[in-house]
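So that you can tell them apart, the chains are marked A, B, C and D in the order they are listed, and the count of residues begins at 1 in each.
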């Protein structure tokens, strides 16, 4: 069945599958010491304009969030996140599992405000009992957010300024980073992110790879023994090449950016098509995730012919659903979906 | 350079790469709910003659050991392992990281003895202060062991009997299970293991896959909410199909077994060649890992022309090294290695 | 300086100190196996009208919360608490440190509403992605709350009913339980609590003891190997008698209740005195903690002559402060405080 | 019944109980901010000849070991201990519970050898796979050991030298420190320990206090936010004065040393009495714990009239038992025990 359920419904971009097949017979050392990982790291450093960055490859987003946050924090520290942050909601308590509190801040279309962060820190250190509380030890943001929204360059700079003032590392979860960077609504570049964040990752799983997230610590900023942290979390691949080969392909000839751009364009086709049909949007997302409000009856009829994600109730008779395009979405699929819509409407 | 360093030096068996490419465009649900995972699980259940088994796919061995052991144990329990067990040595404290002690027992060529296990438990409960100690809560064995050796069926039955007597789950780490099952030295079958163990995994990473371990809990024996344990450890793939497709291919037409058998045959060619050349073996391994004793000078010359693993010093002038064959080893590679040997000897 | 800063400003009630001195030369086994602990447990069971209760003694409140919650929950579960719950705010992330998320609910004068709890659980299990979330595994309430307020019997029954419906244990933090039970505003008895909760503790530290909390699991309800959980958390006293002797004295001749009642009466004198002086109250607390709103200038002058706790800003020119009476408060101290007030007002 | 079972069978030294009673009415701040703690810290700094030491008070030994080791180590580090170290045996996996491996070394009468420690570290860093292992991050020794034995000053210096060479903190568990310092067999002083260790504690629980261990980090060496670590482990007393008052009394007029000396003298009386009776000793302990070998039949008869600790089987017909004297042991009790012995022999 036609699916706009998420951006990981297909396998991988053909170029990556081809690279995996072609390189397969070549004997290489394990644990990320292979030549493909080295090559991919160089290409990523260049794309980030951060030639001294430490780059690591991890398998998935929750894993990356867990390993990075745990390595950033001391035992008595927690991580600050918008209340809707993925680490606070849909990772089965993975951060708490490693001993750290997620300290929630209000969200605005999925985003954290620098002023809220600053106020939290000011209140924390003003409270005479703060040594009886988990210390804010790092800041987690997602970009695009869980609602498909984007920080502006000014917003990122403001967060950076607060982090500087309070000496906190800023961590950006870029599970869907390509879709943010290639959005018409973005004024943020990859080098901007490398300049403003202490650590971020470039999502592969949702942008054309079978799996994989490229973790970047600009300015040789990796925590000590980060490779052992990876191993200890069971997150180190014996065949690190699986990730190296894929990211090497994604960062060859701008593939990561072109396939991301394609998803944005498909989201545009979908969005315009839905607007023309009078569909209401839950919020204005400039990326590949679109949140729309459907009448419950219509939603059920639609669900019988196409897959999408139920996001939550909107009111007594309406729901919010998410439609996601991806690098793999064909324009014909979008048209087919709109045809179904028309037929059912 | 020619490498016998390990059994994960190449990518994946061509049949798996082909299956990944062919299935790639097919849209499927995420998180292991895809049709490929379901198909692979059925085939694994059949191969285990355990139709009611709970089957899960994880990415790697340390991850599997960590998630399984953590889910098996209560907070005050530890896991019993031979002192050489992978979980006790080379997983960066991954078990302790999740809060559990590894309780060591003596090893005999990498194996644990049932009598030692029974004595440990008897002593533990005889000690009036045992409630001030970590409770033995599960038993971990590897098969083949870290030394390539195998438990006999009688040895496995004896461990099972002790586990039954003390009501402990028996967990078998089968990261190299194929190489054990297809060894001439094995009298243990996959259904035997499913009958005698509470949980085990069928290693894919070292037997032809890019990554992946198939975790089997016979008799619907999975701990409650095991999928959430997986998620919480950052071990759940968004594209679970990556593992499903590969295991589906491995368990089609006996591929897992035939490629495992090939590695055993290549180990045989290597072993016979080395024996003919008067090479001393550190121990008698019936599987794809061979441990030999080399003169240090010779070892260095050899290392300049072929890769292998340094295992440790043997005496002042000799070392133990490991040579591993795999599903990917060509007989020509073994011959080439022996030629190098002859030239250098 | 005269202090109403908290209810743990003095050492211990003289009867407890006397009992410690008198019993000191008597040789007893360690780790809570002593005769004093046994006697105290019997008296507590009788006071709770729960003769089959499992009773344990722990040293302090954060420790009790941590050990109990950790023992109640499986690895993938979190604990539900009002957002103002002590475990969510002022325990330095002690719950998260043991791997468990604190799942917050709205608070109403420090209390959780049964309807909110029910809605949380309904939403949780209705969410198709709930297996990617920390499971609600227990419910934490404090009584009196952090704001000195009390659950009514009907409110407790309503929470119990929700817990029954969803099969969740209900845990009541009674760090100040005596002050709740003896409040004129309470319709809840100790046997009510034993009947309605799965576990609770009777606070000693804040009610006359040097230290100590009596943890009660009615109906033989202690988690397996709870003593080992205690030991593992570093929470087991070699000289368990320190706690046994004190609780034995507290539950002899109703001392726990009479000294608690005294604190309530002193709070009444204080409250009436402040009301007569036109003092505004932040909320209406029926127990020994009183929260009042002070002009910032007046607050500073007062702070120079008497100790109290700053609770937070109220508006630009006012603050909320807490005044606590205790078992040790003399009426003369309350009068002296009111005299200072009059002099400064 | 007469008991030599351990050194915590009584309550507390009368001077401590008196101090607790006398200071009880004095209002003081909580959480160790009281005047008694401050006074006790000054006296301890003076006794250690370490005026810039950071001093904290914790409740018990397992708690102290857990909090200290967890605060010393990063997430990927373990602690090195003799295999018989308390942290490796009788703390219910408390160290592993906080995520850290205990890395065992051989023991010699309970002691670790500097040469073994150095060899461990050399081998660790020589192993090319050491980044896949838990890093040795601190060294734990007990003094007196679990067998009552003592490090010589030269042995301590040798351990210090290895720790310096590998930049590891040296942690000395002094749960019975007084009995070591006052032993005729000791050439180590408290200032020596403060000079040679990065952290140690002065045991109170087993040396006259109801509870309490004074943790000393010489040279302002406490880990950052150590008070929050204490709070997070549930180890912070609301009434910190309980520990401050006791340690203040113990370090007034040399009480800690004189009562420790008394226990040593009583151990001497016991030891000489047993030697005269031909009793065999399991090892030669110069402190208050004596380990003797008893015929099993005799042991059972003795156990019917006096308490002692069973330590383990010696051979088929003999056992090792521990007899402990303490600050509270009266010479008449030793004589009475020897009389029982004579009667039963």
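General remarks:
The rule we apply is simple: a residue touches a chain if its C-beta (ideal position, glycine included) is under 8 Å from a C-beta of that chain, and two chains touch if they have at least 3 such contacts.
On a predicted model such as this, the values are computed, not experimentally measured, just so you know.
Annotation: the subunit A:subunit B pair of sequence copies touches via predominantly the same residues, more than half of the used numbers being shared. By count of C-beta pairs in contact, C-D exceeds the other of the chain pairs B-C and C-D.
A straight line joining the Cα centres of subunit B and subunit D is 42 Å long.
Distance from the subunit C centre to the subunit D centre is 33 Å, each centre being the mean of its Cα atoms. Between subunit B and subunit C, the centres computed from C-alpha atoms are 50 Å apart.
Residue positions of subunit B touching 2 or more other chains, listed in rising order: 75-76, 91-93, 97, 99, 131-132, 134, 228, 231-232, 236. Taken together, the subunit C residues at the contact with subunit B in this complex read 31, 70-71, 74-76, 99, 131-132, 134-135, 224-225, 227-229, 231-232, 236. On subunit B, the positions that touch subunit D within their shared complex are 75-76, 78, 89-93, 95-102, 128-129, 131-134, 310. Of all residues in subunit B, those touching subunit A in their complex are 1-3, 5-6, 8-12, 14, 17-18, 20-21, 23-30, 59-67, 91-94, 97, 205-206, 210-211, 228, 231-239, 241-242, 245, 307, 328.
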